[in-house]
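Note that the chains take the letters A, B, C, D and E in the order they are written out, and that residue 1 is the start of every chain.
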Amino acid sequence: MAEKVGVYVCHCGSNIAGKVDVEDVAKWAGENVKDVAVSRDYKFMCSSLGQKLVEDDIKEHGLTRVVVAACSPHLHEKTFRRACSNAGLNPYLMEMTNIREHCSWVHKDRAAATEKARALVSASIERVKFQEPLEPMFVDVNRATLVIGGGIAGLQATLELADAGYPVYLVERQPSIGGHMAQFDKTFPTLDCSACILTPKMSEVGQHENVTLLTYAELEEVSGSVGSFKVKIRQKARHVVFDDCTGCGICVEKCPRKVLDTEFEAGMGNRKAIYMPFPQAVPRVPVIDTESCIWFERQKCRACEKLCPTNAIDFDQQDELIDIEVGNIIMATGWEPFDTRKIPQYGYGRLANVYTSLEFERLCNAAGPTNGKIVLRDGKTEPKSVAIVHCVGSRDERHNPYCSGVCCMAALKLGHLVVEKTDAEVYSFYIDMRTNQKNYEEFYQRLLGEGMRFVRGKVAEVTDAARKPSEQGKLIVQCEDTLVGRQQRYPVDMVILMGAIEPQRDAREMGLKCGISCSMDGWYTERHPKLDPVATMTDGIFVAGTCQGPKDIPASVAQGAAAAARVSGMITKGKVMIEPIVAKIDEEGCSGCRICNNMCPYNAIEYDAEAQVSRVITALCKGCGTCVSACPAGVISGAHFSDRQIFAQIQGALWDAWQPQDAASQDAETVPVSAP
Amino acid sequence: MVADTHGAHRSKFLRDVIADTPDGEKIVHCLQCGSCGGSCPNGAEMDYTPRAIFAMIAADRREDVLTSNTMWQCVSCYFCTSRCPQDIPITEIMYSLKRMAIREGKARKSDAPALAKTFTDLVEKYGRSFEFGIASRYLLFNRPMSMLKSSGMGMSMFAKGRLALTPTRIKNVKQLQAIINKARELSQHD
Amino acid sequence: MKYAYYPGCSLEAGSAAYDKSVRAVLDQLGVELDELNDWNCCGATEYFSQNELVATSVIARNLALVDSEHDQLVAPCAACFLNLKKTDKLLAEHPAMKCQVDAALAAGGLSYKPGRVHVRHLLDILYTDVGPEAIKAKVVQPLSGLRVAPYYGCQIVRPLNGFDNPEYPMKLDEMFEWLGAEVVDYPVKAHCCGGHMTQISEPEAFELIRRLLQSADEYKADVILCMCPMCQLNLDAYQGRVNGHFGTSFKLPIVFFTQLLGVALGIDMKKLGFGKELVSAEPVIRSKLDGSSVGAGT
Amino acid sequence: MSEAAATKGKLAIYWAASCGGCEISLLGIDTKILDVAEAFDVVFCPCIADGKVRDVEKMQDGEIDVCLFNGGIRTSEQEYMARLMRKKSKVLIAFGSCASEGCIPGLGNLHNRETIFEDSYQETASTDNPQRVRPQSVTEVDEGKLHLPVFYDTLKTLDQTVPVDYYLPGCPPESPRIWEAIEAIVAGKLPPPGAVIGEHTTVCDTCPRTRDEKKIKAFKRTWEVLPDEETCLLEQGLVCCGPATRAGCGALCPAVNSPCIGCYGPNQGVEDYGARLMSALASVIDSEDPEEIDQIIEQGIPDPVGTFYRFSLAASHLRRSKREVAAGNGPSAAAADVR
Amino acid sequence: MSEQKFEPKIVGFLCNWCSYRAADLAGSARIQHAPNVRIIRVMCSGRVDPSFVLKALAMGADGVMIAGCHPGECHYLEQNYKAMRRFGMLQHTLRGLGVEEKRVQLVWASAAEGQRLAEAIDQLVADVRELGPLHWAGNWEENGERLQALEDIVHEHQEAMEVTA
């Protein structure tokens, strides 16, 4: 029986109608394309009246298929599927044609845009005739959530969910939660003590009954899908038995091996071979750094073991794999600092008194290696002049094209700390001053008032090559003061480089484990940059904090909370719909050649050795269709993207190029065969 | 980063510079950060820093740019190019400005055009450059005083056998000249 | 190892010491250099200031002259190296220009396919292709006790070098460490020598030269190592004038790195072109090293 | 067979562009041929019995019950015969690979009439043709015009020429399969029109080798390896067409340690045999480096069209190679100018 | 059809997650590009079967674009590598059939790269425009000589029959 197709062409105000002759397209489809029963154009198809038009036609004309030519299906596919459902038509018998983003918005020539719109509509009509009714699938949502990363964003997300009564697994690769925020001295623009506002949250997480805290642990593997992920976590060996340790700290105190702490102290201070990263660490269980421990180096010492009052030291401890099951995952894996050595003209690593901003944070932190005294590398001289260099590795095509967002404010904050604690003159070398959040501009004003000097120009180089006596023994910052239009040299004692915020080095790899993608820069890609900023393209995986892009503390906290709210919603609903777009193997036809077996990265294809056929595990299939096009026998079919549907769509798209060529159909009438 | 090649720029001068410079379209991405002017070994001597020159190009201030000394102070050290955060081929733009200034008769503030002309004339004649020839002709016509000052140095060089008095000529000068003539004809400039 | 060799005009006359030492050193190291037949001047920076297409075509002639026996062209001079390398890249990336250059070359009966010839700098060949093992094995006169300041200049490292850091190059430093020299890590080793400014505007040029000499002097260098004839000329021949201009008294010998490398390999100093520099290098070298054995070799 | 004998049907067997192997295979049903004779009168079969076209022309339309038509359509005469047999037959069966999908003669579609003539009438070692004589479709003699069939640029399958009711694949169809088909016809147990009479799965189903997951670093040619007799040939790097090829042959080739070459054509529902095979083989290449991938493909499969479309070029989506306008002056040139 | 007026008809297979969204982004950013590509959405470039391309060419397309996420960024982790392999195999075969390589292009465009996709479309259209129409069905056509020959056969047979009769 022939299908009855309804075609609806949207004006979208003038968005589409401005460039595409929508009346003409609708009329043409109605008159020229086979099986079209109704064809209309309408001002706003997505309005309730537009939807009603479709619903009424389905009921009145008995439409069996619907084509809506409007905007991107990513915007309104759900809307029109719902309209079809309302009228009793299976929602998967509707097809959207994108004549806005892919047509009217990108073409200037009205005739060409209209011609393309016809072809796209024709393609959809031919396709929709072969679409099949599908039933969406529902799965239960596991109430537990995995949060990856114990920085401020991850902590916020964890607390929101745990407080709502849901179990949370928090995985952190460092020995303590806290993230970068724990390293900072003050926060801008309020100048709160960073640790003072962070540590209460850390201990709350550490003690929360709903939180399972897994520090010094890494994500190993994720399988399954939204609602029921199966996750493997690698608990790295601490060599301290977690449950036996009381956190008394004797082991740390007695450990004879001191090493440079390049992590928490950013190389500015030391730690022991057995250590807690910082005094307020959560959990208060130290770890042994096997790289520097004397026992692991030459089987001697064991001082910690001998002195531990609870016998918690275990040199033989091994990494452990922990299996957990969760319904959703929040990625809050954060950032890492740009390697300022990549810009050798700034001298970091070569000129002693060039610092990274993180080093300087530790330097002026009251709990830091100098107890907050700002001194040069010699450990005693207070600088008389300090230069703060912005955009080190940011806004630079050679390194990171993006703006790191927070450095301007961080530079103002550091400048303030120098002004507050020393008599030094402070220069800030900036390209553009970006202070566009609440109370940020006011902070800039404050620093102007405090006498910080601002030079608009990207620093060309920092050198110790003096050209005149006044430059001897100084670091000379050379740049163009672009407001004056002249090249200038500024001799200073200390230089602070505001290095870029970069994605974690293994962000891409971590993303692949969870099935989410990164932008070109390496930040996780959100589902929609404006309307869906914490969800990802993979259902059940959310992002929060700087792993999604550079941002400051308030924004990270807001995202952590937002991600948690999204997860709460999923848990409350209890079930989640999964698109029935999956592959299916016709077992009768399958010869068990096993070509498809390693096509699926989700292991959704299993081989039944007894029956010698392959099968798709529907629950694991994500519907990419790669196996469908790999099957040499053509016995794997892809729901909603079948060969037949796509062939029909190709044919429709080429309606103006294709004519039947076969003699069998073409000139059966005209060619004589034999004499009667 | 991709340059916007769809829109036409209002400044004709900017369009000309872009057309005359390989990858010149990147100039529109200048952030005015000044890392070029800051890096330039001769930056302090320039009428305008390269950054300012780019702003003037965008503002269509052709005369001001082409009569300035900026490009003639360029020593082709490529520090600006290798440091530019926007990957703008700054040194090449300086070459373009030199060419435009010479073509349009606006190169006033430097003897560099004369040196360049002497140099290339000799190359076109012999196929190789010829230091003594360049030095003697160029200095004689352009900087006679300087010639006197450097004559001592010239004598030492000569004494050390480092100054040849006759040029080396390549075998197939005709071939080179044919190539040069064809290139000149195609470029429609002198 | 076999390379086409493009000496460049300066090496024919004013910087014959460079040419001499290059040939002697590479011969000692077993590297074959075949001089490009009938090469022409690369145009230095001068052609590009006048006519880009002519400049490119003139340079492309040299690339086109590289025969099918060779796919690597080595140039010791900075300007030659950059011009040859830049032209190959321009032709590869800008089809419109390639089209015109093709026509110009055709007028001389030549043709060139971008990417066919790899333009390499001499330092890259020595550092990468010959390598530390082969060089160390041939050292007969370690340079211990001699403080050398490697000077890279501009156009060998910027913008297209591809083998060393354009801001803070280290390859020449490393090579002289292999030879046992005390290498001076001074901050201006890739700064500008003034280029042709000595011909155009002396005060500016002298200031640039002074910065280099001063820094090397502050770091107590015995000699400065050059890789480019223009750099050597400016630092050496103008040193006296610079002293006169600023009232300084620098007396820093400026030698080509291949000359000193040759000393380490035990080659006779005469064969390396010593003595052509205006600030004499031999006394310093002999006094710092064990004078009797220096340059007595092959 | 006794029921059938009561109403004896009429059978025709015709061949067009083919080798005659299909007829041999028909005879391979052995003494069962007598059962065929019992069920049918063979009214027309130029291959084995005398018969005249005009006798067929004189028949009523649909008078023949079943026509087994083998061979592709290469000339106007063959096209005429295809049309004639279609008209006179109730059931027209594309018999064998040539009629179904062009088979080896279809590889002629990589060339055109001019180049084929050049090869056949000029280039072969044994040819001596200094006048460059070529077959002419019309020759004028005193008595009038003499006609030879026009040789087409492109070989067509039977169903590209006339509507076909059933297909019997194989080069040639295996005798037991032919017998099964005849039994089905006689018993009236035919599938719906348009179908292939045969298996709905592929050669692997009948191949006794053990199969595992597949990852291939290099495709090998048969002379390069002595394959292990137990494991899947494809896993050993040999381009075995078995996974894409309809079952029915009994995996004859893999059984003797030789990879399947695909003579039974595509599986049920597959539109383009070669596309299936190239997609499947490419999918299991074990590399993520574009250059390495290209190298694996180019070194391992030097003749992609011959490999993927050995039997089915004429029936593929593209049917033939791109015909250069300049290659011929005859019909081909005119046709290419249509647009 | 004159060269000037030739407007290539191109079918584009775009993956749902990256390149289709790149095309959406090109739309919202109003990045103008050539109107010749008719886009068909597939879930993944790994779904693009060589037969889709062959079918499109056979049906009259002058060119085909396949676009997906960048290698290593596939929404389905690694399926675009399969697309890459199949594309290599397909091009290899198309070369054998005389189809110019530039008619079928594989493009990587992330959801953020509207500009890149628009440029790739313009490039493909320019390339195909330069190659001229493909009009594949024209390759199968035989001219009127065929119809005449068929009629001649009928005619001759008719005459022969008349004689015998």
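The rule is simple: a residue touches a chain if its C-beta (ideal position, glycine included) is under 8 Å from a C-beta of that chain, and two chains touch if they have at least 3 such contacts.
Computed from a prediction, not measured in an experiment: that's the story for all the values here.
Chemist: State the chain with the largest centre-to-centre distance from chain C, centres being mean CA positions.
Modeler: Between chain C and every other chain, the largest centroid distance is to D.
Chemist: Considering only mean CA positions as chain centres, point out the chain farthest from chain A.
Modeler: Result for the farthest chain: D.
Chemist: Write down the chain pair with more C-beta contact pairs when D-E is set against A-C.
Modeler: D-E
Chemist: Round to the nearest whole Å and give the separation of the Cα centres of chain B and chain C.
Modeler: So the centroids are 22 Å from each other.
Chemist: Need the CA-centroid distance for the pair chain B / chain D, whole Å please.
Modeler: Roughly 71 Å separates the two chain centres.
Chemist: If you average the CA atoms of chain A and of chain D, how many Å lie between those two points?
Modeler: Distance between chain centres, rounded to whole Å: 54 Å.
Chemist: Quick one: report the Å distance separating chain C from chain D, using the average Cα coordinate of each chain.
Modeler: 70
Chemist: Hunt down the residues of chain A that sit against at least two other chains at once, touch-wise.
Modeler: 345, 599, 626, 629-630, 643, 647, 671, 673-675
Chemist: Name the residues of chain E that each touch 2 or more other chains.
Modeler: Counting only residues that touch two or more other chains, chain E contributes 31-32, 49-51, 55, 78, 82, 86, 140-141, 150, 154, 157, 161.
Chemist: Show the residues in chain B shared as contacts by 2 or more other chains, in ascending order.
Modeler: 79, 83
Chemist: If you look only at chain E, which of its residues touch chain D in the complex?
Modeler: For this pair, the touching residues of chain E are 1, 49-51, 54-55, 57-58, 71, 78, 81-82, 84-86, 88-90, 92-93, 95-99, 133-136, 138-146, 149-150, 152-154, 156-157, 160-161, 164.
Chemist: Taking the touch rule as given, give the residues of chain C at its contact with chain B in the complex, in rising order.
Modeler: 9-10, 12-16, 38-41, 43-54, 56-58, 61, 90, 93-94, 97, 100-101, 103-110, 154-155, 158-159, 166-167, 191-192, 194-197, 199-202, 204, 208, 237-238, 240-241, 275-278
Chemist: Report the residues of chain A in contact with chain C in the complex, numbered from low to high.
Modeler: Residues in contact with chain C: 343-345, 350, 463-465, 467.
Chemist: Where on chain C is chain A touching in the complex?
Modeler: So the residues of chain C in touch with chain A come to 165, 167-168, 186-188, 211, 214-215.
Chemist: Taking the touch rule as given, give the residues of chain D at its contact with chain A in the complex, in rising order.
Modeler: It is residues 56-57, 79-80, 83-84, 86-87, 156, 159-163, 200-205, 211-215, 232, 234, 242-244, 247, 266-271, 276-277, 279-280, 283-284 of chain D that touch chain A.
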